[in-house]
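Once you've had a glance at the structure underneath, I'll fire off some questions.
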Amino acid sequence: MDFVELTTEPIDISSVARRVVPPECGATVTLDGYVRKFTKGRETLHLFYEAYEPMALKEMEKLIEQAKRDFEIANVGIVHRLGKLEIGETSVVISVAAPHRRAAFAACEWLIRELKRTVPIWKKEVYADGEVWIESDPENK
Amino acid sequence: MDFVELTTEPIDISSVARRVVPPECGATVTLDGYVRKFTKGRETLHLFYEAYEPMALKEMEKLIEQAKRDFEIANVGIVHRLGKLEIGETSVVISVAAPHRRAAFAACEWLIRELKRTVPIWKKEVYADGEVWIESDPENK
Amino acid sequence: MKVRVLFFGATAALVGMRDIETTLDSGASPADILKHFTATHPDLQSHQLLIAVNEEYVSTDSELKEGDEVAIFTAVSGG
Amino acid sequence: MKVRVLFFGATAALVGMRDIETTLDSGASPADILKHFTATHPDLQSHQLLIAVNEEYVSTDSELKEGDEVAIFTAVSGG
């Protein structure tokens, strides 16, 4: 079963990873993204995530559909957290179950890249002396 | 902090994934391997894993050392379960934390491939009409 | 025709609101809405702005219709 | 010299034991131990056997010494 969720509660990685497991599968690959303390040497106190919620859910569902066309995978779960997050807390979990682990790795890596590129969610970094809405992911460029 | 463990208890994926997170890191990739119900159409009732325990721990530590030389990663945790496992239960969890997710994906995929090739652990598949010690991983060939 | 305009994150902070209902001439496009808001809030011009209509990405010259929900936001940064 | 020989998984099932202490001529190698057990348990010959001495992989012609722990096992299948 596939699923997408937005939540303001802490994300439990195991529950996401285990919900995508079908009995005929062999491996689940899970990406756990979390709040960094330092970006370019500047200390982040905490983060705040905001989404265009109905569109974000639709875009995540589209990513799952495309991943299932392009990779030999069984199930995908994506959960993104919203609201205020402390340093080290998980912001996003993507779990991909597949009969063979290679496809699970490839699909999970593709999904996080596309999620950061297309899903309407924004993060605000809060510093001691101000805050900034982040507008792109340097790793995707 | 890196760690390797062999355990006869169920493995909690979250606790492995979260133990490798340092504050300056950005992503953790986790491989969750579990017991398949069907191998080549034959139904497995349950599995049994056995290890040459001290050597298995040493070999896993060596893999972590080499992964940390070859990939830009921060921490690695590997936990392998031993004893009797039911279908769908997690047999191995490998979590890799890295400042950038690309290195975490690459290192995690390398670690599971090498673990299956070199770490002295064996699995026995138990069927309705017998049991077989498995002697290789077809995905690694 | 009436459309609803939504802002998020940086664009909501810059225009000082999260949504507004506005009346446009028929045949108007998201580009017309952008022109209006970049005139009233010139700071928007220094951002890469994306447009969604009814929760789908569209180009700025697509044609709007009565009741559309137009979202204006900066490059996404989830994950 | 005395060495201890360990078996795991398939090899333990085939030879019917998990470990044994044995006395070898000095200069003996793991190949000599393999030769003995494949003679007493010909089924071992149909398996790809790996050897570890003191918890490290070695080639079958390495030289053994007093007190070594020699493990004989099939291709690993963990994960």
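Every chain is named by a letter (A, B, C and D) in the order it is written, and numbering of its residues begins at 1.
The definition used in the following text is that contacts are C-beta pairs under 8 Å (C-beta built on N, C-alpha and C of every residue); 3 or more make two chains touch, one makes a residue touch a chain.
Just so we're clear, the structure is a prediction, and the values are computed from it rather than from any experiment.
> Under the document's definition of touching, what chains do subunit B and subunit C have as common neighbours?
Under the touch definition, subunit B and subunit C have A as mutual neighbours.
> For subunit A and subunit C, let me know how many angstrom lie between their CA-based centres, rounded off.
Comparing mean C-alpha positions, subunit C is 26 Å from subunit A.
> I'd like to verify one number: the distance from the centre of subunit C to the centre of subunit D, where each centre is the average of its C-alpha atoms, in whole angstrom.
Each chain reduced to its C-alpha mean, subunit C and subunit D end up 73 Å apart.
> Could you tell me the distance, in whole angstrom, between the mean C-alpha positions of subunit A and subunit D?
That pair's centroid distance is 48 Å.
> On subunit C, where are the residues touching two or more other chains?
In subunit C, nothing touches at least two other chains.
> For subunit B, which residues are shared contacts with two or more other chains?
As it turns out, subunit B has residues touching two or more other chains at 33, 112.
> Touching pairs of chains, all of them, please.
Result for touching pairs of chains: A-B, A-C, B-D.
> Going by the contact rule at the top, pick out the subunit A residues touching subunit B in the complex.
12-15, 17-18, 21, 23-34, 36-38, 87-88, 100-102, 105, 108-109, 112, 139
> Which subunit A residues qualify as touching subunit C in the complex?
33, 49-52, 54-56, 58, 80, 91-92, 112, 115-124, 133-137
> Show me the residue ranges of subunit C that touch subunit A in the complex, using the header's touch definition.
6, 8-10, 13, 47-48, 52, 55-57, 71, 73-79
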